[in-house]
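Consider the two complexes below, in which chain A is the common component and chain B and chain C are the respective partners.
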Partner chain A sequence: MRTWVFFLICVAVGAVVFALARLIQNDYVFYAGYVVLQFIVLATAWNILGGYTGYVNFGSAAFFAAGAYTSVFFHKFYPLPIPVLIVLGAIVSGLIGLGMGYLTLRLRGAFFAIATLALAVVLQTLIVNWNYVGGARGAYVIRPESVPLIGNYINYLFLIMLALAVIAITIARAIERSQLGYGFATIRDDELAAEASGVPTLKLKLVATTLSGALMGMAGAPFPYYIGYLQPASAFALDYAVNSIAMPMIGGTSSWIGPLIGAILVATLQQWATVSISSELSLLIVGLLLVAFVIIAPNGIVGLVQDRLRRGKAK
Partner chain B sequence: MAEPLLHVAGLSKRFGGFVALENIDFAVAEGERVGLIGPNGSGKSTLVNCICGTLTNETGSVRFNGETVDGLITHERTRRGLARSFQLPRPFVTLTVAQNLRVPLLYTVNARPGPSLSAADIDVRCAELLRLVALDGKADKYPRDLTQVEMRKLELARAMAAEPKLLLADEAMAGLSQSEVDDIVGLLIRLNERGITIVLIEHIMRAVMKFSQRLVVLVSGRKIADGKPDAVIRDPEVEKAYLGQ
Partner chain C sequence: MIISADLLINALVAGLLLGCFYAAVTVGISISFGILDIVNIAHPAFIILGSYIAYIVNTRLGIDPIVVSIVMLPVFYALGALVYQVYYESFERRGREALSGLAFFFGVLFVTEVVLIIVFGVDYRYVEASYIGPTLRFGFVDLPLRMLVPCVAALILFAALQLFLTRTFMGRAIMAVAQDQLALQLMAASPTRIKRMAFAISIATCSVAGALLIIIQPIEPSVGREYIGRVFAICVLGGLGSLPGTLIAAILLGVMESLTATFSGPSWAPAVSFGFLLLTLAFRPMGLFGR
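And then the complex of A and B:
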């Protein structure tokens, strides 16, 4: 299937989702749905680096927060519409990704993961001490009541995040089927052999960190408008780092559909648990699921299904 | 005389205080079949790594195809026509056999100046390579489904896919049975007949003697012999290195 056909199908699915959400006529659907969609974008973005090239990024929150704080900055400096802020957030986080990649990609495995964790801490410290964007106090972002054509503002935010999810998934799938995808896979499998086959590994890793960072920044940019009051602790929350790793792992890291399934499953479960049991429980759910999947299905749900199919064929 | 295809001059490499290679001079003419032998730890693989850019040598230089390649990273050297296979096969395990071969076609052959291959060309090229190494039935298998000798063939095919001028085959036959060794030697000779210069790094003397037109011997990081295979193996110094006194 060509990329643009796939894109159109995604748009159609998105339109159906939006129409259904409108039918229910309950704002809670939009509030909860926004979070689920946001995690689809984050999980897909994480998977471009973590799943395709095999570099585990523990600093997702930093990229997300960079996007969110870019919005806060412009909200005070020169208010811009959210789609523009998303582009700006993508640029800022993409550049951070490029810089992080350049500094750390000679590290492998756990060392790379620790370096990304350190990046998040450094960035959080900077934000906490930057008064203009609210510092440790946080910043209020008053969102308008409604938007022309769409109506209620949360509907608008939901629609934006839906569009981002469509974009992220289309990009991820396009990469998988392209030359870039082969290059990423060789980096994951064996960098030395990749170089010997002519793959410019450093360059491709920089492409991956930049792209992954930019998509996370896009997911973060509308966040201040969603939450209304942004403080460092919520933008840099552990949830983002843990979820964006756990969701692709649970869904399966080998293809675009894994993070999608993982994010829908886990984020929906979390939303349900937050409302019906307690908000503290939601991270516990992720933890337990992750442990269970690492033991039972190390290749995630997608891997589990593929194994079943292969076994079915063998019989 | 024309400049050799590969010319290593005064190359040294140390790991901390250990001198792995000392002042190596080594040349390979175009179209030649050279055997590189030496006891374990004599620096054969280190030399290959320095030539390919996986390791950087402290002194000396490597010239390839009339160009100094010092300072170029591995993939840049591969694109210039310097391919290698690894001592232990290092396939891309999450890609199928055919996909393994697509990687050098996409990233090396298509990165060279001139018209690039279309998707259909690449499929044809993959099929040709698989036939060449007799893996045609395994195109859609994953490396984990291959036997040891098939894995070695895949390793060679992947190096060949980059359309190299020079192939450095690092112990392509270690651990194979006699008939499998003959199989691979036959394959390498066929590749050479297609115009590819080959340096074979090997322990199995029968294979080396059958393959090589010239033999180079490394012992403890120094080159101690270089010449016709029959003469080299009768060299007293070589005998001493291999058999002791």
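And then the complex of A and C:
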């Protein structure tokens, strides 16, 4: 299937989702749906680096927050439309990704993972000490009541996140089937052999960190408008780091559909558990699921289904 | 800029004491990450666990936290052996430690933290002991016992481990595992068994480090996260697995943090260690005293 055909199908699915959400006539659907969609983008972005090249990023929250704070920065300066802010957020987070990759990707994979953890804390300290964007107090972002043509503002945010999810998934799938994707896979499977066969591994890894960071920044850019009041603790929350790892690992890291399944299942479960039990317990469930899946089903739900199918054929 | 001499000297002394404590916190990582090559990012979570155990026993029974931590050593040793067994069976044996293994430890870190939040809440907890409070004074230099006692305990722990690793048979076997597993196997020793023991020791140090931590500062479950950057920064800077290197790097970081906190405000202190780590990784990944 050509990429543009796939893109049109995704757009069609997105349109159906939006129409259904509009039919329900309940704002909560949009608020909860926005979070689920946001995690689809984050999980897909994480998987471009983690799943395709095998480099683990623990600093998703840093990239996400960089996007969110870029929005706050420009909002204070002059209120720009959200799509513009998303592009700016993507640029800032992409550059951070590039810098991170450049500093650490010549080392072993574990160092990159540790450095991403460090990045989150350094960025958070910078933001806490930076008064212009609110410092430790946080910053208010007042959003308009409604948007022409679409109506309620939360509908608009939902639509934007839906578009980002469609874009992220299309990019992920396009990478998988391109030369770039094969290059990534060689890095994941045997970096030394890839390097020896002339694969430009460092360049490819930098492409992956930049792209992955940019997508996370895009997911973060509309966040201040969604939450209305952004403070460092909420933008850098560990939830983002954990979820963006757990969702692809639970869904399956080998293809674009894994993070999608993982994000929909885990984020929906979390939304349900937060409302009906407590938010701590919903996080505990995600943590336990992550540990259980990496031990029992390292290839995630997609892997489980594939095994089942293969066994079915063998009979 | 004029820096008052006694402020500077006090900051240096405080940094020195802090650094020795950091060495105790890092020594476990130096063993697991430095020697065994197991990227145990959940290490600080076990330290916080140690702190909470010291807290419970101290508030219920009034026993000294350091005594509690020594009594708890076997429990942490067993916990470490268990974690290694799961890690070995699920990841190391199947060659999956790069992606799944890291995700596993991250999950363990997260689960431990959330469980502690659910059980204890996010209030700061502290312990009671006779040496928390009084301060020794030499001229204008302050030596708070709250920092001095953990510093001495840390140095004892450190010296004991260094002696164990260099002088005893098992300690040398652990060092050998890091150098050449195959050769060790040819000597009819099981690398897995030795690694399990070494990893268990690394987790056992968390018991003591945790008790020292709660003596130095009140804790809440997410404090551990600040220590992830510190321990890895020290471990890498110290040259991965070299214990004397770890001690020097820890003191260096302690002094830097203390100076930063004194002269630019405590809110910048967390960035020091992480910035240090990023710079080390970028420019000297083999550490200051690399092998």
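What we mean here is this: the second predicted complex is superposed on the first by the 315 of 315 C-alpha atoms of A that agree within 3 Å, B and C clash if a C-alpha of one lies under 4 Å from a C-alpha of the other, contacts with A are read in each partner's own complex, and residues count from 1 in each chain.
Throughout what follows, a residue touches a chain if its C-beta (ideal position, glycine included) is under 8 Å from a C-beta of that chain, and two chains touch if they have at least 3 such contacts.
Because the structure is a prediction, the values reported are computed rather than measured.
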| said: Quick check for you: in the superposed arrangement, does A:Ala185 touch first (chain B), second (chain C), both or neither? | reply: first
| Does chain B (first) or chain C (second) touch A:Glu195, or do both, or does neither? | first
| task | With the two complexes superposed on chain A, say which partner A:Asn26 touches: chain B (first), chain C (second), both, or neither. | result | neither
| request: Mind working out whether A:Gly287 is in touch with chain B, chain C, both or neither, as first, second, both or neither? | output: second
| When the two structures are overlaid on chain A, which partner does A:Ile295 contact: first (chain B), second (chain C), both, or neither? | second
| request: Between chain B and chain C, pick out the one touching the greater number of residues of chain A. | output: C
| Which partner does A:Ser279 reach: the first (chain B), the second (chain C), both, or neither? | neither
| task | Could you say whether A:Ser146 touches chain B, chain C, both of them, or neither, answering first, second, both or neither? | result | neither
| Touching partner for A:Ser254 - first (chain B), second (chain C), both, neither | first
| request: Would you please give the residues of chain A that touch chain B in one complex and also touch chain C in the other complex? | output: none
| What residues on chain A touch chain C, complex-wise? | 50, 54, 56, 58, 103-104, 107, 109-111, 113-115, 117-119, 121-122, 124-126, 128-129, 136, 238, 241-242, 245-246, 249, 253, 280-281, 283-284, 286-288, 290-291, 294-295, 298
| message | Residue numbers of chain B touching chain A in their complex, please. | response | 52, 54, 73-75, 78-79, 83-84, 86, 90-95, 99, 102-104, 106-108, 111, 158-159, 161-162
| task | Spell out the part of chain A that touches chain B in their complex, as residue ranges. | result | 179, 182-183, 185-186, 188-190, 192-202, 254
| task | Would you pull the chain C residues touching chain A in the complex into a rising list? | result | 33, 39, 41, 86, 90-91, 94, 96, 98-104, 106-108, 110-111, 113-115, 117-118, 222, 225-226, 228-229, 232-233, 236, 267-268, 270-271, 274-275, 277-278, 281-282, 285
